[in-house]
Structures are given as C-alpha cells and as structure tokens.
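For clarity, chains are labelled A, B, C and D in written order, and residue numbers in each chain start from 1.
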C-alpha cells in the first residue's frame, strides 16, 4: 500500500495514479486470498471433525449463546454498511459524513468485541476452555473438547482480525480528519474497507456453523 | 521515497549511488534487497551444508561414530529445516527474482518496495528465531514435525515451528509483490508472451507462494497451541488425528517443493537458450507447463501419505493425480534438449550447470515414477530411496539451476567476471560428488534401509561409507566455488554489459545497473530469444 | 555396464511373498523404462553438445520456434505410459490390502522403541513375531505412544501405526526363515534400535511353538518355557531366572538366603533332625513342591514358599536338569 | 479518476444491507427446525448468498477489474480442493477390529458374591494356607518379618499396621493376590476359594478393615469368568513382554571378581532382577497392570543410558527406584558401598 504523504502523489516507479491504485487493490486482494486460506485451514478441521462426530457437535453447541451470536452478526453487517458508505463519502470529498461513519464502524467493532468478551467469560466460568482443565463431565461425548477447541480458535482468530481491522479504521479515521484523502487519492480507505468486509464475510460463515447446529 | 532522478552520471551504479550502512539497511531498491537476500540465504546454505557433512560423517560407520543418537536426530532435523525454510525456498525467488524481475520487464522497481523490505526483515526475524531454537536445544522431530511425537518431544519444537510461521509471511509478501509487479508494471510493448521464461516460472512460483503458504501458517500455529494448551486436533489422546496433521502439513509442503524447482526451471530455460544461441524450442509449451505444474502441485500432496493409514480411495486418487505431474515436467525437459539442436553451444560454467541440471533432474524426475506407483511406494516409502529422490530433484535440480543462474547473472549483479577455469573445476567436482553420494543411497533405499536411522544393520555399511566420501567431494566443490566467487568481487575482470550475448532486457543496461535500472524507459519490440536466421 | 544395470534393476532382498515378487517386477519395469528415457534425453544432450560446439562467435543457428505436434505427441504418449503404470501399481496395492475370509490374526503394538505382539491364545512376545508359512496372516496394529511404521523389507510391506486407532497389514509368507523388521516412521531417540525379526516357521514347527503357548494359557503360569528349540538345561536356566529362584539360590556358590545350587547335586546334607541324605532328583523335586519336608541344618523351615501348581512336570524336569548341570 | 456520479451506489448498499439482515433472520429461524442433513445445506446456501452479496457490492467486485474476481475465486477453488481430497481420506477409512484374545487363568474369580463375605470356615482354611504360602515372607503373625523377607526390598507388607498399598477391601486384596505386584508373585494358580480364604484370614491381622460396597462386588463379578480380554479401541494394549531368552555372557564372567564388596552387594540386591552377569532379560512384574504382565529387564552390555557414565545418575535412579516397574528403592548404602557397587556394575556393562 504505497501511498503518499500528501495529495495524489504518484510513486516514482508507477506511470500514473490509476496504475498505482489498481496495483494496490490487486495486492490487497492477494492478501485477502491468504486470509481466506488461513481461515480455510480451520474450516477444513471443522468439517472433518463435524463429519466424524456429528452428534458430539450437536450436543456440545448447546452451551453457545445463540442470541449473543445473532446480535454480533447484525452488528457486523451494520458495520459493513457503514464502512461501504464511508468509502463512498471519502470519494465524495464529504469529510464530515465520512468521519461520522468511520467512527460508527469502529464502535460496531468495539461492541462486537465486548459481546465476544462476555461470551468467553461465561465459557471460562464453565471450564470449557481446552487447556487441560476442560470439564469433560458436562458432556456425554468424550471428545467434546474438540468442539470447544475449534470454537475458541476460530472465533479467537476472527476476533484478532476484528481488532486489527479496528486499528486500521482508527488510523484511517485520523488521516481523514487531517484531510489526507480526496476523490483523487483514497486508497487506504478503500483497502481498509475491503479488509473489514472480509472479516465480516468470515463471520457470516462462522455464525451458522458454530451457533446454528440443528 | 527515493529522490527525484536527473540524468545519470556515467560510472555510478546502485552500489555507489548511495553509501553507508543506513543506505543498505533502509534501502527500497529491489537490487539491494536482492543482494541482501542472496548473501543471507547463501550463508544459511553453508550452515545447512555443514550439518549435511556432519550427518554423513556420523553415518559413515554403523554404531556411534561422532555424535550420540539424540544429537544425530537434531542434526538431520536442522539440516532439513535450515536447507528448506532458510535457503531453498527463498533463494531463487527472493534473491535472483528480486534483483532481475523489475529489470527484465523494464520497470524501475517492484510494485511495493516497502513491502519488499518488510519481507526481508520478517525473513531475518524468522531466521533469528530459528537460531534461538537451535541454541535452546534444537528440535529432534525431523523437518516435518509429525505429531504426536512433535507434541511429546521435550526439545524446543515450538520455537522452530513459530519461526517457520514467521518466514511464511516473508514468502507470501514476496509472492504477492511479484504477481502485482508482473501484472501492472511491464514496460510498454512487453506482452505476456514477450516475457522471458524465467519470469513465467517466477509468476507460477508466486501463485503457489500466495496460495499454499497460509496453510503452513495455520498448521504451525495449531501445532504451537497444541503443545502449549493441548487443544487436541492432532493429539490422539485428546480425540484428534495425527493423519489430519499430515494433510495440513503436506497441503503446503508439496507445493513448496514446486516453489523450489519452478524458478530453477526458469533459469535453465534462459541459460540453455543463450548458451546454445538459439530460440527456445516451444516457448508457449514451456510457459504453460510452468502454470500447469503450479496447478497440479496442489492436487498431489497425498503421495507422501500412501502408508500413513489414509484410506485406499484417497491413496488411489493421489496416485493418479501424481502421475499427471510427469507430463508438463517431461515437456520442459524435452524442449530444453530440443533447443540445443543445431545450436552453437558454448560450454561456459552456467551451461555446465544447466547440463548437470538436465542430467540430474532427469534421474530425479524418473525416480519419482517409482514413488508415485502405489505398490512400489509401499516398499520404498520412508527409505533412503526417497532421500535420494528428493536430493536429486532439489539439489540436482534447484541448486544446479541456482548455480547456473548465479554464474550467468554474476557479471550483471556484481559487475565482475568470475574465473571460468575454477568455475568448470568446481562444477565437475560437485557433479561427480553428487552422483557418488546419492546414487549409492538409491541402492540403500531399494534394499530397505529406512530414513533417519542413526545406526544401521551391517549389510548397509559399505554403501554408506561410499556416500560419505561423495559428500566430501561436494563439500570441497562448494569450498572452491566460494573462494573464486568471493575472490572475483575484488580481483575479477570488469564485466561488459552483455558478456554472454543475451537478448533479454537486463543485458541492455549497464552491469551493475544504475539505481533506476534504465536510462530511458525501454520499449520492447521483439521476444526474449531472437537468435538465428528466420 | 549392463551387468551393473542388471544388478540395480531388482532389490537384492529375499522376496518372501507373492506381493514382494510382483513389486519387484513393477520395480524392474519402471527401472528399464527410466533407463531408456534417461539414455534418450542425456544421450541426445551429449550428442548435441559435441556436434554443435560453438566454433566462432558469429555462428548462425536456425530460427526454430517449436513444433506443437511433438509436444502433443509426447504428452499423449507419456499420459498412456503413466496411467498404465498407475493401474498396474494400483491393482497390486489393492491385492495387498485385501485378505481371505479368516486369516490368522495377530495383534501388534508399537511402543517407543520396541514391537510387541499378542497371539489369539494370549501369548505375548516382544521384538520377534512367529508366523506359520503359506498361511494368510493379518496384523492388527496400533501404537501406544507416537507414530511408528511396521516395515518388513522382505515382504516389501510397511504400514504406519497411528496411536488411538487400528491399522492392518495382510500378507502370506512363502519361505521359512528370519527376516528383519524395521520402524520406518521417525519416533524419537532409539528409532533406529526398534528392530525385530519376522520368524517364518514350518507348519508343524509353528504348531510346536504354539503348543508351548497352549500350555501357557492353561496353567496361567507366566513365562512359559521358551521355544522348543532350546535344550532342557537352557529351559531350566530360563525358569531359574523367570521363577525368581535366583532371588534366594545363587548358581555360582555365593551365599544367599537359600543354599547355592552350585555342586549341590550329589552332595550329602545333614538335616535339621540329624538324618543325612544325598541330594538327588527326588529330593530336589520334593523341596520345590513342599520345601519344609526335609530342611538342611543351618536353614530355617518356612522360608521357602511352595511352587506347587506354578510349575508343571516338564518345567520341574528342566529345573532339575539345570541344577544337575551345575555340579561337576 | 472517473467522475463520482457513476460511483454512487448508496441505494444499492442499503438494499444489500436489508437483504443481509433478512437472510440472517431466516437462517436463525430455520435452525430451530430439524430437517436432518438438509439443515447444513440450507445454512450453507444462505451463508454463501450473504457472502456473495458482501463480495459483489460492498467489496466492489462487480465494478472492478476482472483480475480481482479471478484472484478471489481461485482462493475458494483451492480451498475446495483441500476440503475434497482430505475428506476423501478422513471420511472413508476402514478401521479393523482387534483380535479377541483368550484370557489366561487369572479371570477365574469363583462365586464372588458368596465368597466376598467372611465366614469362620473360610478363615480357618485361610490360616492353614497362610502358613505354607505367605508366612515365609509376611511372617507367621503378619508383621512382614518372615525369614525370606531379608531378600526383598521393599519389605513384604506388614498387615498389623493397617496400611494397604493396593487397598484393604476384600475385593482389592483378592486382586492383589491374583495379579501380584512389585516382587510379590501372583497366586492366580491357587483356586478362587483358597484365595478368598487367604483374603479373609489376612484381614484378621489388620485393625483397618474397609468394607466392600455392593458396586465393588458386582464390578469384580462382572470381570469374573474366562471372558475374552477385549482390547478397548481407544486404549492401546499396555506394555507386554515375555522376552525371548537373552544370550548369556559366560565368557566375561571369569574376568569380573564376584567376591569383591561391589560384587557381594550386586548379588544380594540386584542380581535377582538384572541377572548374575547383568545380562537382564529377567521378567519383572509391572505394578498394577491387569491382566498381569512382565517387563524384561534391560541388559547392561551395550547400554548407552546416562547412568553408564555418570554416577550421580546411577545413585539417583537406584535410590528412587521405579515403583511402577517393580524396581525397589535402595537407600541404605554408604557412599563407599555405592562406589564399589557402581564399579562392579560398570564392569558388567563392559565399560570399565
């Protein structure tokens, strides 16, 4: 993401801004591919263990709180909308609306993490964290710890990516306030937007797989 | 950003444009980063090579020769890990690729110079972690870290797996950078089919780097968490399945062997065409077979697990798919040989290494057929036959390709000519030593000597002795090479801009090239191998 | 040169099962195909290198861009070859993965650094596995700690053993003899010391060995006598150690809780009640079964526990023979 | 950049947002109804539609260059390859059943319900059996001071103290009698009633007599009868070793002076398990293993263990002992005795 400190300055090895912008987007899409495959590895583990122990999954997922999961999904969807709108307004040189929407997106991210924190606290209280003190007696199936290992690692890694996303949004928020962007040059906002949408996209798959097992 | 460019004073180049350590440590110039990568990776090549000599020394005679069993296990693990993660994966793409890619497509630099420097420092960080793990009693699980032993082993496995995780990022960033550069920064007139074949190979490698490396990232993270928290994915005591770990590991590691071999194939296409002074035979066939190999490489990882307890269905599927890899590889080898037909062959050192590549890689490829056939692999898996196979393909293939490229572009990169006489001597020595070392291992493996054995039965003793003598020949060959290459930096003759009569863009600029690569933006009109009378 | 190639074309290992001979044939086929391809490529390469050496800097070379029909021809030809190779290997592989209806099954457990075997009638052996010749065998295998791999080069067979689940190997050995067993999956410190022997025995020899096992199951005394191939004295020596007689009776004269067996046979001893007896077979046999009947002066009655029911007659004879062997 | 008007997608953003919310509600709603395997298919369909909406509109894939779409699609293709081929292995594996192993005699428990209760006849029968079978080690009055006790370390159990290492309930003593542990041999050869008689007689020595619960009795009864000892799938078989006889080392015997102080110590304290010449291969019972099993002791010759070259290690191992493997703890030797014993053992291992 080679950008310039001020205005639409083109780096020396690019011919024009358009080439620089499309290179940045292609570069980020390639990075999103690695994110998809990183989470993909965990989804493969999920699919294998669920196929091997379907009823264990059904029994083990009852401890998950569907309501909190549902709220989190809605929160992320709203934040995706506000992110997309923010990108639009930055391109529209409407700095005030962009700042408001970026702050809203940041707030949604924070709410998501707070709800996640309460869910985790509840699991820790029931000794469901798989670090040796896992409470096997709460389940009839012997390897219920696998479900919770999957749960904690997948939602944990996703939560980490939400935090990184919030960091990027904050950085972009500050630079929008300092009027660094204009309709000519808004690459960082666009790239942060893409990253945030991918984080939402991963959660769209995580929510049904983890919380909604019939 | 680097300062604005005025007309270039004659006689200065990217070494002399800026001076001082800071200008190297914070450089954004792809050529400097390329040279730094080259120095670091070749250093690790000698560290890994030293360990190889120690392993062979231990195996010279049955029973304890120089080290105890525990140390031997650590030695072969380190030899594997250092050679693979610290040398052979980064060396051609990151060192030669970084230096040459922008020049060959007529660009001023890679698409994201800062990302390029970040990738180098992430690589250094990973390497430092690996050295730390060596100091704290290195791992003894083999470079594959198979569970559950890698979970149970008391040695510092977590550190070296975490260093592999870090170096994975460096590989991703290099791959990402190259794909965007090739797509977006080609000089006017340089269509995809006017690109040199080395760049096709680097492009295919970059695709694999971007698509496969994240999976080793998640695998190493899961292994580290497994060792610290005990999540149980791969630990049979907690309900997990060790074979699942093998799937995760090989989904990356087999494409990784193609990350190693494809760039070398790219170099060989360049060197054979230039030193036969003839248009490459079947340009499109070779270009497309690079992409085909990159795609098929993702379908075949299961041939490492034929006897691991995986189902017969998947062993059958993987055996069929593995057979497909032979076709694009064979096309490349046949086309290289056909290129030399009616050419004007000049046996300089790069060409010697290219011929050695053809000789050794053909053996490596053909022995792959033994291991892809299910019934024979059940006998040969995890024996010295496999060790010999992958050394023929990796050392006989990638390292010969690397040495061919190193000598071919040495004048362009350093502005100096190496000594041709000593080049030939070390090439012949390495070639002979290599065959002595590893042909004997084919026979050992065929007769059932398992891999990673500290002590072996008496019937395998003589061939192990022969193999160790061979390893000494390789060692001395590389010693001679270090001496004359480093010597050429000070005493070597000044290199002309185009010592070998190459037609690709890097031979159009001065050697070593200026920081901006070209005085004026080149306009490409003809293909990379325009030799011969139409 | 051809002789060298010939010696390379087949593993110089005994081929002890039909699967092994078939693998050798496939191996030889691929070997000769590879030799032909190798000579074709490297031969043409060397020929071109000598024929088209660069004579001067401005040699003229023809402008040949390629020839797609040869490319297509090579691809199709190779495709047919490799698919045929796959099919042949696959058929043999599936043969090795299936076994007739009721094979002779043996449990195998790999542990860090030794192989343990348990037979259907309860006998357990470590390191060495005994099987009858020409009978379909099925090994049900698992590991008690990390990954190992049961590898018998003579059978050309290997199978990883994964802890927590079971794998199997099916084969039928056709020539008696002893063949090496290796561990082929790295399993830690003594991975290279995890060796053993596959002992293929004739049917009646195996039955004999198995009989010995039968006795094992009936009398439930642990440590049944060893393979029948051992002499009575050697069996006695093994019993002397396995039945912990050595705890109280030394075999080289050193004083311990009980009298030393050295030079005991034929000695005249004075009993606690003053009578004197010469140590003969009956005295030794009685002292084993009812130790307190005739106790020698200087020793306390009630020290030696009875071994009644723990030793059958063959074992008693073996012990007596062993004790006899210790005196001149 | 092209003019902004063409890029005004706000209305589509709102529409996409609305459909995402609706789809979320639908997917939660369907999860409450059980359509069997269809559930997962429906959930994945909805999730994929939501994901495509986000990718096409929010991530501008619809408006941008085709290369980005190809790149994103390729990641899904390779993920599908990873899932497909791994599933072809994980979900199609054949796991054979282990062989049913004929039980050795030790499963004969007799009529557990009747015999588990003490009765005067049983105790009398126990008294006579105790004299011939147990007194030699445990002593006539059960103090653990029988004449043969000197040879054993740890000392045989002193019943009068009331401590039970293997449990004091009748069923537990019975199992200890049947399996034996440490250097105590197994009495499985004795018929069940005799073993029960011994159990009840032995308990008369001890002030501490914990009683069996009904569950203990039924549990033991369940194990009774010569049922096949089936190997549970999860637990691999425990260590087992009736080792082939190790070659004896007669040739080296003469070279080592057995009458030296170290030799004496070795003969009295170690030879019973490690063999007179340290050749090992002697069966030592594994504590608490059921059905009982042996472990062949290691031979000293050609042994690379740490203790062969480091005396502290040798002393540490022997003073701690290996309780699980029946190796007694020796902690009553003076340093001089340790040194001479260590020298002797090094001679046996062919190091000195």
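Assume contacts are C-beta pairs under 8 Å (C-beta built on N, C-alpha and C of every residue); 3 or more make two chains touch, one makes a residue touch a chain.
Here the structure is a predicted model, which is why all the values come from computation and not from measurement.
Novice: Starting at chain B, what is the smallest number of hops through touching chains needed to reach chain D?
Specialist: Steps on the shortest route: 1.
Novice: Farthest chain from chain C, going by the mean of C-alpha atoms per chain?
Specialist: Most remote chain from chain C, centroid-wise, comes out as A.
Novice: When contacts are scored as defined above, which chain pair ends up with more C-beta pairs, A-D or C-D?
Specialist: Higher contact count goes to C-D.
Novice: Calculate how many whole Å lie between the centre of chain A and the centre of chain D, each centre taken as the average of the chain's C-alpha atoms.
Specialist: 44
Novice: Centre to centre, by mean C-alpha position, how many angstrom separate chain C and chain D?
Specialist: 24
Novice: Using Cα averages as centroids, what's the distance between chain A and chain C in whole Å?
Specialist: 56
Novice: Counting only Cα atoms for the centres, state how far chain A is from chain B in Å.
Specialist: One centre to the other, that is 35 Å.
Novice: Enumerate the residues of chain A that touch no fewer than two other chains.
Specialist: Answer for chain A, listing residues that touch two or more other chains: 22, 26, 30, 33, 37, 40-41, 44, 48.
Novice: At which residue positions does chain D touch at least two other chains?
Specialist: Correct list: 67, 74-75, 78, 82, 86, 90.
Novice: Which parts of chain B, given as residue numbers and ranges, touch two or more other chains?
Specialist: Chain B, residues with two or more chain partners: 69, 183, 211, 215, 241, 243-244, 247, 309, 312.
Novice: Taking all chains into account, which pairs touch?
Specialist: Touch list across chains, by label: A-B, A-D, B-C, B-D, C-D.
Novice: Give every residue of chain C touching chain B within the complex, in rising order.
Specialist: 8, 11-13, 19, 22-23, 26-27, 30, 33-34, 37-38, 41-42, 44-45, 48-49, 52-55, 59-68, 70-71, 74-75, 78-79, 82-83, 85-86, 88-90, 92-94, 96-97, 145-147, 149, 151, 153, 156-165, 167, 180, 182-193, 195
Novice: Help me check something: in the complex, which residues belonging to chain D touch chain A?
Specialist: Interface residues on the chain D side: 1, 4, 7-10, 13-14, 16-17, 20-21, 24, 27-28, 31, 33-36, 39, 43-44, 46-47, 50-51, 54-55, 57-59, 64-65, 67-68, 71-72, 74-76, 78-79, 82-83, 86-87, 90-91.
Novice: What does chain D use to touch chain C in their complex?
Specialist: 95-106, 131-137, 140, 146-148, 150-152, 183, 185-186, 188-190, 231, 233-234, 236-245, 248, 253, 258-259, 263-264, 267-268, 271-272, 275-276, 281-283, 285, 292-294, 296
Novice: Please name which positions on chain C make contact with chain D in the complex.
Specialist: Going by the criterion above, the answer is residues 105-107, 109, 111, 114, 116, 118-128, 138, 140, 142-144, 163-168, 216-224, 226-227, 230, 234, 237-238, 241-242, 244, 246-248, 250-252, 254, 256-257, 292, 300, 302-306, 309-310.
Novice: Across the complex, what residues on chain D touch chain B?
Specialist: Against chain B, the touching part of chain D is residues 67, 74-75, 78, 81-82, 85-86, 88-90, 92-94, 304.
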